[in-house]
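The chains carry the letters A, B, C and D, assigned in the order they are written, with residues numbered from 1 in each.
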Amino acid sequence: MSEAANVRDLLANSPTNWGRWGSDDELGAVNLLTPEAVKAAVGTVRSGKVFTLGSEFGTGNDPIWPGRAQTQRYNTQDRSSYTAGKKITNPGGTEYADDYVAMFLQGATHYDALGHVWYDDQIYNGYPADTTTLGMAKDAVLPIARHGVVGRGVLLDMARHFEVDYLAKATAIGLPDVLACLERQQVEIGTGSILLLRTGEIGSFASRDPQEFYADFIEPGINFSPELVQWFADNDVVSFATDTIGNERTVHESGAAFVMHAALMRNLGIAFAEILSLDALAADCAEDGQYDFLYAAGPIKIANATGAPVNPLAIK
Amino acid sequence: MSEAANVRDLLANSPTNWGRWGSDDELGAVNLLTPEAVKAAVGTVRSGKVFTLGSEFGTGNDPIWPGRAQTQRYNTQDRSSYTAGKKITNPGGTEYADDYVAMFLQGATHYDALGHVWYDDQIYNGYPADTTTLGMAKDAVLPIARHGVVGRGVLLDMARHFEVDYLAKATAIGLPDVLACLERQQVEIGTGSILLLRTGEIGSFASRDPQEFYADFIEPGINFSPELVQWFADNDVVSFATDTIGNERTVHESGAAFVMHAALMRNLGIAFAEILSLDALAADCAEDGQYDFLYAAGPIKIANATGAPVNPLAIK
Amino acid sequence: MSEAANVRDLLANSPTNWGRWGSDDELGAVNLLTPEAVKAAVGTVRSGKVFTLGSEFGTGNDPIWPGRAQTQRYNTQDRSSYTAGKKITNPGGTEYADDYVAMFLQGATHYDALGHVWYDDQIYNGYPADTTTLGMAKDAVLPIARHGVVGRGVLLDMARHFEVDYLAKATAIGLPDVLACLERQQVEIGTGSILLLRTGEIGSFASRDPQEFYADFIEPGINFSPELVQWFADNDVVSFATDTIGNERTVHESGAAFVMHAALMRNLGIAFAEILSLDALAADCAEDGQYDFLYAAGPIKIANATGAPVNPLAIK
Amino acid sequence: MSEAANVRDLLANSPTNWGRWGSDDELGAVNLLTPEAVKAAVGTVRSGKVFTLGSEFGTGNDPIWPGRAQTQRYNTQDRSSYTAGKKITNPGGTEYADDYVAMFLQGATHYDALGHVWYDDQIYNGYPADTTTLGMAKDAVLPIARHGVVGRGVLLDMARHFEVDYLAKATAIGLPDVLACLERQQVEIGTGSILLLRTGEIGSFASRDPQEFYADFIEPGINFSPELVQWFADNDVVSFATDTIGNERTVHESGAAFVMHAALMRNLGIAFAEILSLDALAADCAEDGQYDFLYAAGPIKIANATGAPVNPLAIK
């Protein structure tokens, strides 16, 4: 292919939130999730239905980014330990099972650290990219995990909008699509929301042939345009989550990769969550017409990490 | 020491919830978290303050149960990969960091599977303990993770009640203590609540000498008595979480170990969460006198596991 | 397919070495590697050429048995730690790199434990198969590792014998093939030898499409017949190693799987080594006509394991 | 403590082998292990006795360098999988056990990569230290593993020489000690030998209190002096192995750490092996007075690694 466009050039006039919350900020747009915002989000709850948005993993056939490894989970002890005489039953007769996991921290539903992706040797808020070396000294996922991501969630059901089970590979979603989908769903984006975009991809994974799934692997998703980035900025989107592995059309038409990670995560400090399962929530929203809800996510608090597994909750 | 009492005998007349939610149930008391219960819990939110209750791990000095290993987290790529020429910058100029973890699933703040502890060769709801072998085929943590644990949380601040920074090792908490603490805090246990009990132990870990911490290791916590178990049953406690590693005085005066795991988790199907950080929440409750709140926990959805890392949220 | 033959029936009259070296033996035919045998093997050395027979792994595309995972190796520290300020240079100015691996113990060139494969609930020498649970209490690879496998090696270059680069999938090697190859190579099997059989498979792996390699995956190799098993017994073969993953035509024509593991490893106590790289050694043997040599293998000494990585040496 | 001496200054006039085997060499002194050298070493074999020099690990209490983690080994399947119905018995009735390990590559007996330790931003033969980043691109352990380390081994039994079970912490061994020990043992160092030095430390580990073992942790061992380094250079020592974790008195009297790693490994290209078990070999040498033997080590062939587990063989 021809030379890719340079992300620096593409984003030369793109909005940023660097400095907005102080020169030492590592939390980004999650700063907008104030008690007032949380309280307002709580006000969206009507029926008390709960949807868990994590995807199931450790199956041996998890949807992972190419190059990452499947999660390995093994028992370290269980009932067989006692029957085989390898473990001594506790005083009184209790016994227990225990297990161990080896996995990529971004190998399941997870929040990205704000420093996960960068260009021009700088991560969110201007810290040197060298701070990522051997563990995130800045913009780790921990500040997000400490704060929690609780606020008003809005679902954009793009697969339903396009009337497909799942969006075809490389489907590019632009601002007109976003606006049309919001209009069709009769929901406002509001300010300071957590945006969930459903493509149907993760829900389709288990039934698709892995060879087919990963061939010419460009995921469907939001596609860089200055207008779309400005819309995220104007509406102060706090967090952006999808049912894809990479949260965007992973290669832009210009040939550049991860442009929206650069524009939204690195420049605006928007917290990304990936590999969500949105099908059950979406079906419910389609049924009752309520596309906003209380979103509550607690990424696990692991030090210095580029990402943290999470099982977000939508409470309607 | 003298022979330990047999847990089977201790619990001969202890209440159980086996069969209450069907013979194929694997969810236990979490079944009580209906939309109505969630909606009622949402009603406790006043200010919108959020507390994340996970403990930080991956520090190299995490509080773990003896015999479990410290979490190992390593970068698989970062900025140094590019400067050293080991990775090629993406088309357009973006780069990224990634990491890998090897850990015990119960090596950080986590939900236990209902089948994690048993006696008499049966786990919760009567499934054979053999189903735990090489992965939980029954009573795994996954059903809890799929459902989510969202409801009314109630904090019992036992350390404050006893006016100590943290409870001494082997401190035994009985029903009178629980009732006195609720009385002092002026909060009702209600029915179908998630009970959080603070001992101060986890908060003290980082400043204590590991040798001292683990010497004669009997944690402080609730201590088996028929009255205390009956109180949990009568009030339909859904989930029980503490800032200790083992959620109970881990050895009963009778010498039997994990009796409350047996009585509450295995018999009543109460979902246990362990190694929480409760100090910030407790300080806030002491200040505003509000000891109940919306509790929202999404343990990660890992298949066949004995436990799942989690970062629970308390929304006041 | 039709019902597979029962291994118990196939091996009803098959020879065994159970009890030959005592009822508490866990070493099997490796017992035959006495100082005298070693000294005799040393006598085969002529030129002093050394061939290392381990395969390279940790490449991201290692030849592994289906269901096992690729080896994951990550740096825990290196030069970038110091330049990024994450590690402090040692007093005096030295620095160092370190790394961590997560892998299947049989995910690279390895020795099998004698208890790795069984039937009829018994492993080599009659120990219950339950002793394998959660760690090999009997017939682990450790006794072999403690003893070392040093003796006279004999190469059977079957690929050259059949004049192919590598044997086709499911190629069945029988006793006539073994005898003809020995004859052609003008080498005696002798008694108490370590037999290395080359198929060319591992050497071809890197250049083959993984999809093709694993499709209808029946490896080429020795194929069960009573005559072939008897030949191994009569000649007291001590150890059997190949450049395949499974050391035999992994499914017999009768439909039964791993029959030669059952006949040779479980019944005769022959030590299996798998995933060797034999191409360079074979080329040299073809050139100088010397097909026997001093074989010296030290599997790593890991406790309770089903297998141990190794890099065997052939000294000619 | 006072400022440590600078290793660069200490080694300003120290001999090096950089360039001796070409500017692209990554094998170092192992180049000296030619077929002729191997053949000569084979000539030392008298009785055929074999000693395996690896230490046992995976015990839960392995001797490891502070900061490294204990090896974690877990079964992925075993007999219990079949009895619990988690695995299907193979056609014909065979079954098998399998396991997984997570460990530091230098967490057991191992060969160091020549690039493992450096100063002045350069590793052995002048490659930039940046080549270590995220995997050894130069001076990895793989070239040594491909070549094998086979030659004449010489044991220096320092513990016996000093008539102790094990050398006290921080015992400094100098050239006079080495020469006296050789003299007492009536063995010549020769040229191109593999030197094994026994301190008794690893053999004492299991019976010592870990607290005591690691307190004020300076291991006994060879201690930097220009004379001692020159002796290694003059005699073309190929490989240096000990029964300690760090192969030298890990802190020099000058305060500088790992000076002999710098002088011998980084400058002379001598291959280091660590954490060997030398007690049985030493007892035999004391008995028969034969302190040289055929040494044959095959470190496992793992790509890009800083070290490789090994179980070296001594054949007398």
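Simple rule for what comes next: a residue touches a chain if its C-beta (ideal position, glycine included) is under 8 Å from a C-beta of that chain, and two chains touch if they have at least 3 such contacts.
These are the chains along with the protein names UniProt gives them: A, B, C, D = Cyclase family protein.
It should be emphasised that the depicted structure is a prediction, and the values quoted were computed from it without experimental measurement.
Colleague: Please strip out chain C (Cyclase family protein), keep the others put, and tell me the connected groups that result.
Modeller: Ignoring chain C (Cyclase family protein), everything left is still one piece.
Colleague: Can you report the angle of the rotation that maps chain C (Cyclase family protein) onto chain D (Cyclase family protein), using C-alpha atoms only, to the nearest 5 degrees?
Modeller: Between chain C (Cyclase family protein) and chain D (Cyclase family protein), the superposition angle is 180 degrees.
Colleague: Under the over-half criterion for shared residue numbers, do copies chain B (Cyclase family protein) and chain C (Cyclase family protein) use the same patch or different patches to meet?
Modeller: Here the answer is same, because the shared fraction of interface numbers exceeds one half.
Colleague: A-D versus A-C: which has more C-beta pairs touching?
Modeller: Per the contact counts, A-C leads.
Colleague: What is the distance, in whole Å, between the centres of chain C (Cyclase family protein) and chain D (Cyclase family protein), each centre taken as the mean of its C-alpha atoms?
Modeller: Roughly 26 Å separates the two chain centres.
Colleague: Using the average of all C-alpha atoms in each chain as its centre, how far is it in Å between chain A (Cyclase family protein) and chain D (Cyclase family protein)?
Modeller: Each chain reduced to its C-alpha mean, chain A (Cyclase family protein) and chain D (Cyclase family protein) end up 46 Å apart.
Colleague: Multi-chain contacts only, two chains or more: what residues does chain D (Cyclase family protein) have there?
Modeller: Expected reply: 69, 72, 74-76, 78-80, 83-84, 100, 102, 130-131, 133-135.
Colleague: Which word fits how the chains touch one another: line, ring, star, complete or other?
Modeller: complete
Colleague: For a test of understanding, state which residues of chain B (Cyclase family protein) touch chain D (Cyclase family protein) in their complex under the given definition.
Modeller: Residue positions touching the partner: 69-70, 72, 75-78, 80-81, 83-87, 102, 130-131, 133-135, 137, 211.
Colleague: Name, in rising order, each residue of chain D (Cyclase family protein) that touches chain C (Cyclase family protein) in their complex.
Modeller: Residue list for chain D (Cyclase family protein) touching chain C (Cyclase family protein): 4-8, 10, 33-40, 42, 45-59, 68-69, 71, 73-76, 78-80, 83, 90-106, 108-109, 113, 115-121, 128-136, 142, 145-148, 150, 251-252, 254-259, 261-262, 294, 296-307, 309-313, 315.
Colleague: Taking the touch rule as given, give the residues of chain D (Cyclase family protein) at its contact with chain A (Cyclase family protein) in the complex, in rising order.
Modeller: Counting only chain D (Cyclase family protein), the residues touching chain A (Cyclase family protein) are 72, 74-76, 78-80, 83-84, 100, 102.
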